[in-house]
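Going in written order, the chains are labelled A, B and C, and every chain counts its residues from 1.
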Amino acid sequence: METKREVEISVKNLSVGFISHGNKMHVIRDITMDIYKGETFAIVGESGSGKSVFTKTFTGMLEENGFISSGEILFQGQDLAKFKTNKEWLPIRGKKIATIFQDPMTSLNPLFRIGRQIEEVLRLHRGMNKKEAKAEAIELLRRVKIPNPEKRVHDFPFMYSGGMRQRVVIAIALACKPDVLICDEPTTALDVTVQSQILSLIRDLQKEEHFTTIFITHDLGVVAGIADRVAVMYGGQIIEYGTVEDIYYHPAHPYTWALLSSLPQLAEDGSDLTYIHGNPPSFIGEIDGDAFAPRNKYAMKIDFIKEAPMFKISDSHYAKTWLLDPRAPKVKPPRIIQNLSNKIAATIVKDPINTQNEETKAGDSHD
Amino acid sequence: MDFTKLLTFMAEDATDYQTQIIISYIVIAFLVLAIIFIVLVNHNLILKKDTKFRRFLTHPLFYYSLKRIGSACVSIFLALAITFCLIRMQDLRSVYCPANDHLTAEQFERWCDAKMRSIGLSGSLIEQFLTYFYNILPIPKEICTSINELTAECAQTRFFTMYLGSSARDDTIPFIAEAIFTKLPNSFRWGAIDIAIQLIIGYPLGIFMAKYQDRLVDKIGKTYIILIDAIPGLLYFYLIFSFFQQLLIWNINIFPMRFDPDDFSSWLAPAITSSFAGIAGIAYWVRRYMLNEINSDYVKFARAKGLSENRIMFTHVLRNAIVPLSRSLSTAFISCLFGSYFIEALFSIDGFGGMLMNAVQTKDFMIVQGVVVFSAILSVISYLIADIAMAIADPRISFEAQ
Amino acid sequence: MVKDLNQLPEMNDILDFDESLFEVVGISSEEDDQITTAPYSYWKSVWKQLFKNKVALLCIFIVIVLLFFTIFGPMMGSSTTFTTMPGLHGRPISEAPSSEHWFGTSMVGRDLWHDIWEGAQFSLRLALVVSLINVFLGLLIGGFWGYIRALDPIMIEISNVISNIPTLLIYIMILEVLPNSAGNEAAAFWNSVFIMSLFGWMGLASTMRNQIIIIRNREFNIASEALGSRSYTIILHNLLPNLVSIISQVVISYIPSCISSEVSLIYFGAFPITQISLGQVLNTAFSAKNIASALQSYPHTLFIPAIVMILLTVAFFYFGMAVADATDPKKHR
């Protein structure tokens, strides 16, 4: 079923470099990936794996010392990797590909009223006049479930709580009916209870609007609740990708095993929490072989010599590890992540609808 | 409104003076009671019911301003005390009693004693201090302004609301308050233009420097700021002044060098000369605050929203950068009134700065003291302006703690 | 996008790999928990940064040249004889630069070469002493001010009070009170030092205070305090390295600012010195009455002192900024 779906963003052999302290670093190393229309595509990985940088290339928002060194990003017939000037980006950013960031507390301009910040986008991208924009802004606030939107549209961001602000940010991002919504760790800065409400809000809106969501997170628990497909990133590469079921129930890459085993929800009473030894690779200079090899419990000699190719496991599931080579010894994943299906069912995001009303009430009186 | 009259001679004669005294005491008592009332309300001791009136009185900004003015008054009081002590250390007798050949030594002594007493310079230090503060408080008072040289008795008295002292040297405008108000308009004339030039050039320069960081505009701007910062102020005043002179030598007569209160074009040369430093200061801070804002998350989000860089800079970033700058408005207001010693001396402007300069050089210390008092009053006003400006610029301030 | 094993060109040699390579070796412990970034040395980076800045190097060069002339200039052969107008009872007159008077002579007929370098000698000596005192006081007082919380309100009050009095007036009034130093060069020098360092430390002290408070509230310092670091560790390891950049800029810029205030004080006639100084040379050259005639007949009396002054102050100031930049670890990239 996967191969027949329409592709929204197609990334081919993308490499991104940074210049820091006079050194050239390769932060994204040769990623090839298709993202399908209407799906929720999650990218997981630890900090420094390059997951944020990867999606920043879709909107041309790399830091000033970063640059795309090779590859292409095909989106609606255009190669985004070739874009140079801001002018080229303006019709894409916000209008076609919207982004929401980690920290809702600082994403909004503190000195402009909420209404104005939404209207700004509507007037710019959808050519509305002041009156229409205002009516639409109120409507958008209602859709992201801000209570009493007619009144609150005149408020300043500091009068809102964190969860409410993230709702406003989502309202702004969706104001222009974008085709792609990039969520860069949108719930990391929020309380756990608020987190699930924001996630379900995104999911509900996606059902109505049918946009593609790219979800960046380091939280595998969040991914299980929201994503259709998952890509695991390590050292600037996608090392395994597949459907949620593929990744959770049949993980193939040792790094995915390690990530899953370090989920604190899986820890058993009395035993230590599992963690991954060592640090993510530094991007200075070339990496020989597999980037994860030095930290890999199952590393083989070849991992230090040669990078593994993408092995196909099923139509939807691919992994970049030598363990899949027919010559490799048969290694079993750690015991803790076997039978994940049962365990995950017990821990994954509970139904958020019930908690929602409570938060909106709390948000009203908050701050 | 005639400020001079308001501050110096409110009463014309003795009966008028009586009523003035009563009125001013009532006003002062009312003010004191009002402040006590506000403090009590804010500490939740009285008027506990939530009404509009109470909300106004307990408005954080309102109370905050009050506190700030209170603490400003304390530091001004201390500043005055220090100036007072420094001045009493000078040899004031020689300044206020110039040698007089008509008088015998004994007569001279008597006359001088009487004169010193009339201007509050006799008696113990504490006595002088109290007289001094009584004189500058806005309570109507009768001051002896002239002493009969032979009998050493008061020959003439005058009524003052606030008595800042009298000049020892300048007989044309003997009373300092009067002197200040005759000189200020001149300083204000060129000072206002100076501030206008600073704002009109400084702000755009700072904005463009931030927008094109590390590009040509920024580099030129930075060089300019460094030069202004490094070179002694007086030297570039001299150089710009020389440039204007050179223009005259070349018969280019756009900028008349002689200051004339009625001729607008003659206000330009001093204003331009003085604005160089201010432009650099404003550009530096605007650039800096803008760059601070540029790296913030809301700018990133604005970019992700698809806003153009110009729009981000000129609406979002500038709006935020103005908040810390709004405070400097009051400083601008003050410096615009005060003028600069150097500029006024260079362009021979009969203004405030020039007066101060003259007073210092002729050791007319009472004028110095009067100027300190006056600038202290203005600085309290400027605190108020700054607070109001901040509250307008940043809605969070008036909202906080509510 | 599907990468089939056989489609990839390098797959052929992959198939040639020896089977023995597929042996599990596990975590290579020697590389575990290591941070592998390029080696970084603070002082090396400082030097690298400084030498990369061509303008700063030029400024150092200018400073060295000016210092050389300041020390040896007065001994060089420019004539010290006064220039006078022939016939008119020896009234002094200015002369253009010549082989006899290298910088020409001033309006009062003095040799400018000697005046400028002797003046610079005095001004720099004064600026150096005043800067040292101000830096010392500024660091000391600022350190206490920032570090001892109880001191904060008092010090803020003091700085408010000082900012409410025009400092120039204080200088002048204090000079009136100080013992008369007429004719006594050393006393005059130290009187000048005294009034210039009376409030000069204020700027550095409040910068120190602000920075200390900012750094003190940063997470790394809070963590360090929570872990029980001693006061001296906190000052030495947490505060000082972060202050080097700001302090070095303020310290070096003290020299031009001292020269600057000397110029103003001399203009006011509020300076006790009788010796020639750079400020004096400048103020004599630019006395308002003379500017128009000087521009027409002997512009060198204006521009030579002005250029020397500009070179001196700008070179010092820029060098200070370059050092501040170079010592700021955030800019080492």
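As a working rule, contacts are C-beta pairs under 8 Å (C-beta built on N, C-alpha and C of every residue); 3 or more make two chains touch, one makes a residue touch a chain.
Values in this document were obtained by computation on a predicted structure and should not be read as measured data.
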{"item": "Identity of the chain that, by mean CA position, is farthest from chain A", "value": "B"}
{"item": "Identity of the most central chain, Cα criterion", "value": "C"}
{"item": "Computed distance of Cα centres, chain C from chain B, in Å", "value": "30"}
{"item": "Distance from chain B to chain A - Cα centre to Cα centre, in angstrom", "value": "57"}
{"item": "Whole-Å gap separating chain A and chain C, where each centre is the average of the chain's CA atoms", "value": "49"}
{"item": "Chain B residues within the chain C interface of the complex", "value": "71-72, 74-76, 78-79, 82-83, 86-87, 89-90, 226-227, 229-235, 238-239, 241-242, 245-246, 248-249, 341-342, 345-346, 348, 356-357, 360-361, 363, 365, 368, 371-372, 375-376, 379"}
{"item": "Chain C residues touching chain A - in the complex, by the definition given at the top", "value": "1-5, 8, 10-11, 14, 17, 19-28, 31-38, 40, 332-333"}
{"item": "Parts of chain B lying in touch with chain A, wherever the complex brings them together", "value": "296-298, 300-309, 316, 319-320, 323, 393-396, 399"}
{"item": "Interface residues, chain A side, partner chain C - complex", "value": "10, 12, 20-23, 32-34, 277-279, 281-282, 284, 293-302, 304-306, 309-312, 318, 322, 325, 327-329, 331"}
{"item": "Chain A - residues contacting chain B, complex", "value": "59, 61, 86, 89-95, 98-101, 103, 106-112, 120-121, 124-125, 156, 158-159, 169, 172-173, 176"}
